[in-house]
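Chain nomenclature is as follows: A, B, C, D and E, assigned in order of appearance, with residue numbering initiated at 1 for each chain independently.
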Amino acid sequence: MTERLMLEDLDLSLGKRTRLHRLLYEHGPGNGTLLLLPIDQGLEHGPIDFFPNPPSAHPDYQCRLAKEGNYSGIVFHIGLATKYMREYAGTVPLILKLNGKTNIPSDAEAFSAQESSVEDAVRLGADAVGYTLYVGSPSQTLDFVQFGKVRAECERYGMPLIVWSYPRGSAVEAKGGHNSIYAVDYAARVANELGADIVKLNVPKFKDPGNTDSPAPYRQLYEEWKALDEDEAFRLAVEKVITSAGRTMVLFSGGSRISNEDLLQKARICMACGATGLIFGRNMWQRRFEEGLEITQRIKEILEADVTVLRRILFGEGPILD
Amino acid sequence: MTERLMLEDLDLSLGKRTRLHRLLYEHGPGNGTLLLLPIDQGLEHGPIDFFPNPPSAHPDYQCRLAKEGNYSGIVFHIGLATKYMREYAGTVPLILKLNGKTNIPSDAEAFSAQESSVEDAVRLGADAVGYTLYVGSPSQTLDFVQFGKVRAECERYGMPLIVWSYPRGSAVEAKGGHNSIYAVDYAARVANELGADIVKLNVPKFKDPGNTDSPAPYRQLYEEWKALDEDEAFRLAVEKVITSAGRTMVLFSGGSRISNEDLLQKARICMACGATGLIFGRNMWQRRFEEGLEITQRIKEILEADVTVLRRILFGEGPILD
Amino acid sequence: MTERLMLEDLDLSLGKRTRLHRLLYEHGPGNGTLLLLPIDQGLEHGPIDFFPNPPSAHPDYQCRLAKEGNYSGIVFHIGLATKYMREYAGTVPLILKLNGKTNIPSDAEAFSAQESSVEDAVRLGADAVGYTLYVGSPSQTLDFVQFGKVRAECERYGMPLIVWSYPRGSAVEAKGGHNSIYAVDYAARVANELGADIVKLNVPKFKDPGNTDSPAPYRQLYEEWKALDEDEAFRLAVEKVITSAGRTMVLFSGGSRISNEDLLQKARICMACGATGLIFGRNMWQRRFEEGLEITQRIKEILEADVTVLRRILFGEGPILD
Amino acid sequence: MTERLMLEDLDLSLGKRTRLHRLLYEHGPGNGTLLLLPIDQGLEHGPIDFFPNPPSAHPDYQCRLAKEGNYSGIVFHIGLATKYMREYAGTVPLILKLNGKTNIPSDAEAFSAQESSVEDAVRLGADAVGYTLYVGSPSQTLDFVQFGKVRAECERYGMPLIVWSYPRGSAVEAKGGHNSIYAVDYAARVANELGADIVKLNVPKFKDPGNTDSPAPYRQLYEEWKALDEDEAFRLAVEKVITSAGRTMVLFSGGSRISNEDLLQKARICMACGATGLIFGRNMWQRRFEEGLEITQRIKEILEADVTVLRRILFGEGPILD
Amino acid sequence: MTERLMLEDLDLSLGKRTRLHRLLYEHGPGNGTLLLLPIDQGLEHGPIDFFPNPPSAHPDYQCRLAKEGNYSGIVFHIGLATKYMREYAGTVPLILKLNGKTNIPSDAEAFSAQESSVEDAVRLGADAVGYTLYVGSPSQTLDFVQFGKVRAECERYGMPLIVWSYPRGSAVEAKGGHNSIYAVDYAARVANELGADIVKLNVPKFKDPGNTDSPAPYRQLYEEWKALDEDEAFRLAVEKVITSAGRTMVLFSGGSRISNEDLLQKARICMACGATGLIFGRNMWQRRFEEGLEITQRIKEILEADVTVLRRILFGEGPILD
């Protein structure tokens, strides 16, 4: 069983500690877990993501959701942060996303260009910055260099660094795909090696034949997991990548819209396995506002739950409570 | 016979001398040799290297091994250094690896991107930095430029510079491969020419037909060595590359896991030929902890041995002891 | 009773922790205490200090004493560090003194000018820097600004900062003098407030009428202490200033040459009261070499002693040992 | 007839003048000519060049040769300069080669990457820097930019700039090859245009059919020279490129090992035509040491000879001496 | 007896070593001693110093003297260096004096302002820089800071640093005067402490009542020396300050014009006591040219003499030669 990483376990500068404390204990669930609301999809995917719920095209929609739903923080690129945060300043912590791209060109040499700085984040009063690292992309040279400078600035300014660690690019696709266990597990380790404070990961595909193109040890893992029931395989996959993230707190993303039950079960398993939190966007704001608040509330209950209880319920672990 | 290069033979600034003295005489064997524990494989190869011994996925495992095994130093990228060294600070010298890559994209134009700086190394209290130079890669232009800046920073700060001098890339493969004598010998000289203080080399393949694609003088060497017994050919290969490294101290790497007897014999020959030390990773931590300590101890005995004694045992050199 | 401050009690960056660990545990007594040998008197007082023992005019004398006496470190200005440390590199830790002055001009507006940098210290492989802060001097404006920059550089490079916190100048003399309890106590607090890692203090004059010019509460302290025996008053004075230094480790200086018995008793009381260490110069090297080694050895025994034992012997504290 | 360019003919800053005076008059032949010993082949070609004379693999071999043979200077990359020059400091002038490459990847887009700086050269006490410019390479854009910065730094520091002006790359090969008169002549002019103080050229192939792919006027030249005897054609080729170099002093290189008689004749013609000097490497150190000194001596006699005398002997020019 | 400090005794960077080698072995006496010709008096004293020998007002006069007399170097401020060195470039080494003042205002707070830089010195091809440090002046704060930056630049560029270490200012005058043994001895030590490579000192007044205002140990020295004959007292004074200069080479200045016999005897004693050299200005050029060359020649003979021989002649030391 993986223990959830707590702030006091980490060797951090005072500035990083102070800002992370705000995210982990002063906002959101407040028990050392995180629930983040990302709203960078307008850049990454375009306005197409707002079609299912037109009001969501107005960033104020997500700001209100973050505030009323008491999220731990909201994720914005610089333009939205500058234009929409005024009335939420200090109420909703800001995570400034520093790099981005559109999804128009091919992902074969994926690279996410830096368009704002850690100094911007300081200036805007952000409590963390976000950076997308495309692990395994043919452009990883550029990415590592760009990332290294961001990391150094984060240390200079005491700014927590959240890495969207995404396997991507033609070479990744040739070895099992960007959601294979191999790829996500590697991405988790890379974030730990290169100095992320928090890493955002996708839940790896634990039952997907794509894994069959992965290196042998991962293929074997896939073979072993084939026989297991869904939740058990999910759990092993999640624990594997959390282990690889080491002393980097892990957030799992929601990805595209799924059913409520799938979403809640995903949340339960991730949190039971020691994740620090969740970063759910489309699943939260591709709904009517009230419905968004409601599902937020149900997710928050999972974040606030005791891990031991979650694990007993999900995995039948531990002694029977009296 | 090649003499082992000693600290007092080198014209070094006070800062480099001080830090190297710590590595060579204040930690590890303490007699001017080095035993380094690298743990950058999680970035270079991914978590796949930890499958044979799952506890090794936690970098604290290697920290403990380095401390209890009294290694001369441990090699980390910035993320692991920052997160795991607190309780080993000052006890286990840190070598900060400045550049890296994943092995997901093709090696044809191999380049290892700098993601941390010599100033980071100073700030973390490191005693040396590591840099991977891909000799012969089509990207060597970028690499030489990046390296030159690192070297200059090392001089500015008095920081010893250890170069992983690795022949790599499509052109190398076409001329005998990255482990051919030709390629490793060239890599050794390049490190000396460009200003490494210490060079990490792989033992060249001295009996491998790959060498037959190498330039003529190296092919001829290979022809001469074919007739020799294994140890004698190994010795000549090692002496050749140590000669080419000149006034750069040489470390030999262990590479992937081999048998204990092969490992120890490799260690003996390398040290008998004038190497300064060994940098063995997977061979040390892809084992249960106690077993890792035990093999460490046996390697250390070789490092502590008198070169004359080693040479007499291995090569029958010198007068009979009474 | 004041507890001795230990490295693990402090919130330090990895670089400062690493370098302090070397000073506190890898050299000298090695139990978290410090014994430093300063040799900056040639600048501060001129060659006059070498008359009692002419060989001491050659800085190699102090280097040898530091090495053979196994001091925790030696304190040099940049010129001597550059010229004399080569053969002691890595064996005797260097503390680079960054600022200095001659004692030729008046001390009325005392200011110690910076003539080397934290970057110089990094370049020379020093494990700490020293800075003289003249607390209360009419020049303290300049001093605070100069100091603030040094402190920031120390943080940038992970370099421990030892402050010679010396009350000085005409205003100090008018309020009881630079060795009054008032002045030294204030100086201890200033070092803590401005960001020293370690502070060097003189033992305040605890029985000296000079204190009668100090502010009222300090005069009262002096009145109370008049009735006590010498050691008890000494102890209270030392504990007072160590308390004011807070989370700054305290070193006491020896000052000009005194008798062996006075020196040892001073050492005992300082260490029993929770000082981290001693920085004794003239008392150590204004003697023949062998005699210097001998007194060093006796001082080291005090540093190595258990605080509880020291306190029981000196102050009759604690349970009787069986 | 081309006059040899003398220091006093050039409009140079005081620093360049001072350093060139050292090379031209204080060391080597001392009459305004130059004899340089290059030892950058270990980087450019690899250790393969040391097979004919194994002791030459130790850079100290070339240092000794330069000192005992009283060369005007020795050419090193930064690593060798730093490691081997200590005992020759001030005795053998250093020319620091700033850029380099290995010959492993293809030359089609040849580019020599800068790995040390003019400031490094100043710091090491060098009397000039060397830069390889690949004229005509598809990478010449990068090269011109890199070169422009080096040239500006040379002016800033008063550092003479020696340019290895080498036609290279696929486009050059298509127009007659890198040793065609067309290509070398162009390279000579480029060095003059872009600001070299001294240019190193290869002697062009004056009788080689390769020239037939060159632009028309050069083909015509080749046609004219075909009928001439060898020495006469050689002379015209050398005079042509010296003319193109204009107010840039010209050094001719030796290239790979040739017979003593060819080498001496080459030296005689080059010097008779107004070259400033010779830069002979493999022809000097791919020999036993004593033999290297001997050929050096014979070359030096040519450099020391009066040009008028040389021309009379070689070309039958001028009045009969009584 | 003090040994003369030789270049190989010092731990110097390659650049400093190279440039010092030129001064010590390639020019002037060439045996590790120095004879410098300073011509900064036009700034320091005004044209008044040229009245005794009007041609000396033309700096070319001193250039010619330096060249024909084969001095080790000439000392100029930037204006004269720039305007007069062209035809001596590389023939007469340049020492660029970086700071200066006129003697019009009072010396009470003496400070010599920096008006050129180490980078200027590099650009002009100088082999060393000169810096006047006014030890003990009330302005020493400014001076130490200014000096510290110059010293750091000298290290960056490998430029030797010659310090005119001059006690000066009202406080010095109150303690025995700027030529008292106390003051000169202190100045010698300060140069060593702060990082001079070479220090220029005045010979202290060893029989002067001024010393009676000095601190007690120096007064006592004066008392002891009163009884000695002139040469013996001179010798003890010179040896005292050379000892205090430690690993800093010592030059003695000539000061204002004295008789030839006094000058030669001064030279003999200084050199016999271990000085590295002499820096004589007015005594050399306040004469007709030929006379200047002649006295130069006689001084050079002293510099070239064996120290043992000098000491035997002057002090009757050592075995009688057969």
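In this text, a residue touches a chain if its C-beta (ideal position, glycine included) is under 8 Å from a C-beta of that chain, and two chains touch if they have at least 3 such contacts.
All of these numbers come straight from a predicted model, not from anything done at the bench.
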Query = If you take the chains that touch subunit B and keep only those that also touch subunit C, what is left?
reply = A, E
Task = Call it same or different for subunit D and subunit E: same when shared residue numbers make up over half of all numbers used at their interface.
result = same
Ask   = What is the chain whose Cα centre is as far as it gets from that of subunit C?
value = D
Remark   = Separation of the C-alpha centres, subunit C versus subunit D, in whole Å, is 60
Whole-Å gap separating subunit C and subunit E, where each centre is the average of the chain's CA atoms = 37
Ask   = Once you find the CA centre of subunit A and the CA centre of subunit C, what distance in Å lies between them?
value = 50
Inquiry  = For subunit D, give me the residues that contact two or more of the other chains.
reply    = 82, 86
Ask   = For the protein chains shown, what form does their contact graph take: line, ring, star, complete or other?
value = other
Remark   = Here the pairs of chains that touch are A-B, A-C, B-C, B-D, B-E, C-E, D-E
Request  = Over in the complex, which subunit A residues touch subunit C? Could you list them?
outcome  = 11, 13-14
Remark   = Within their complex, subunit D touches subunit B through residues 40, 42-43, 46-48, 51, 57-59, 77-80, 82-84, 86, 99-102, 104-106, 111, 113-117, 120, 139
Touch list for subunit A against partner subunit B, complex = 10-11, 135-138, 140-145, 147-148, 151-152, 167, 169, 171-172, 175, 182-183, 185-186, 188-196, 215, 217-218, 243-244, 246-248
Ask   = Can you list the subunit C residues touching subunit B in their complex?
value = 13-22, 25-26, 81-82, 85-86, 89-91, 94, 119, 122-125, 156-158
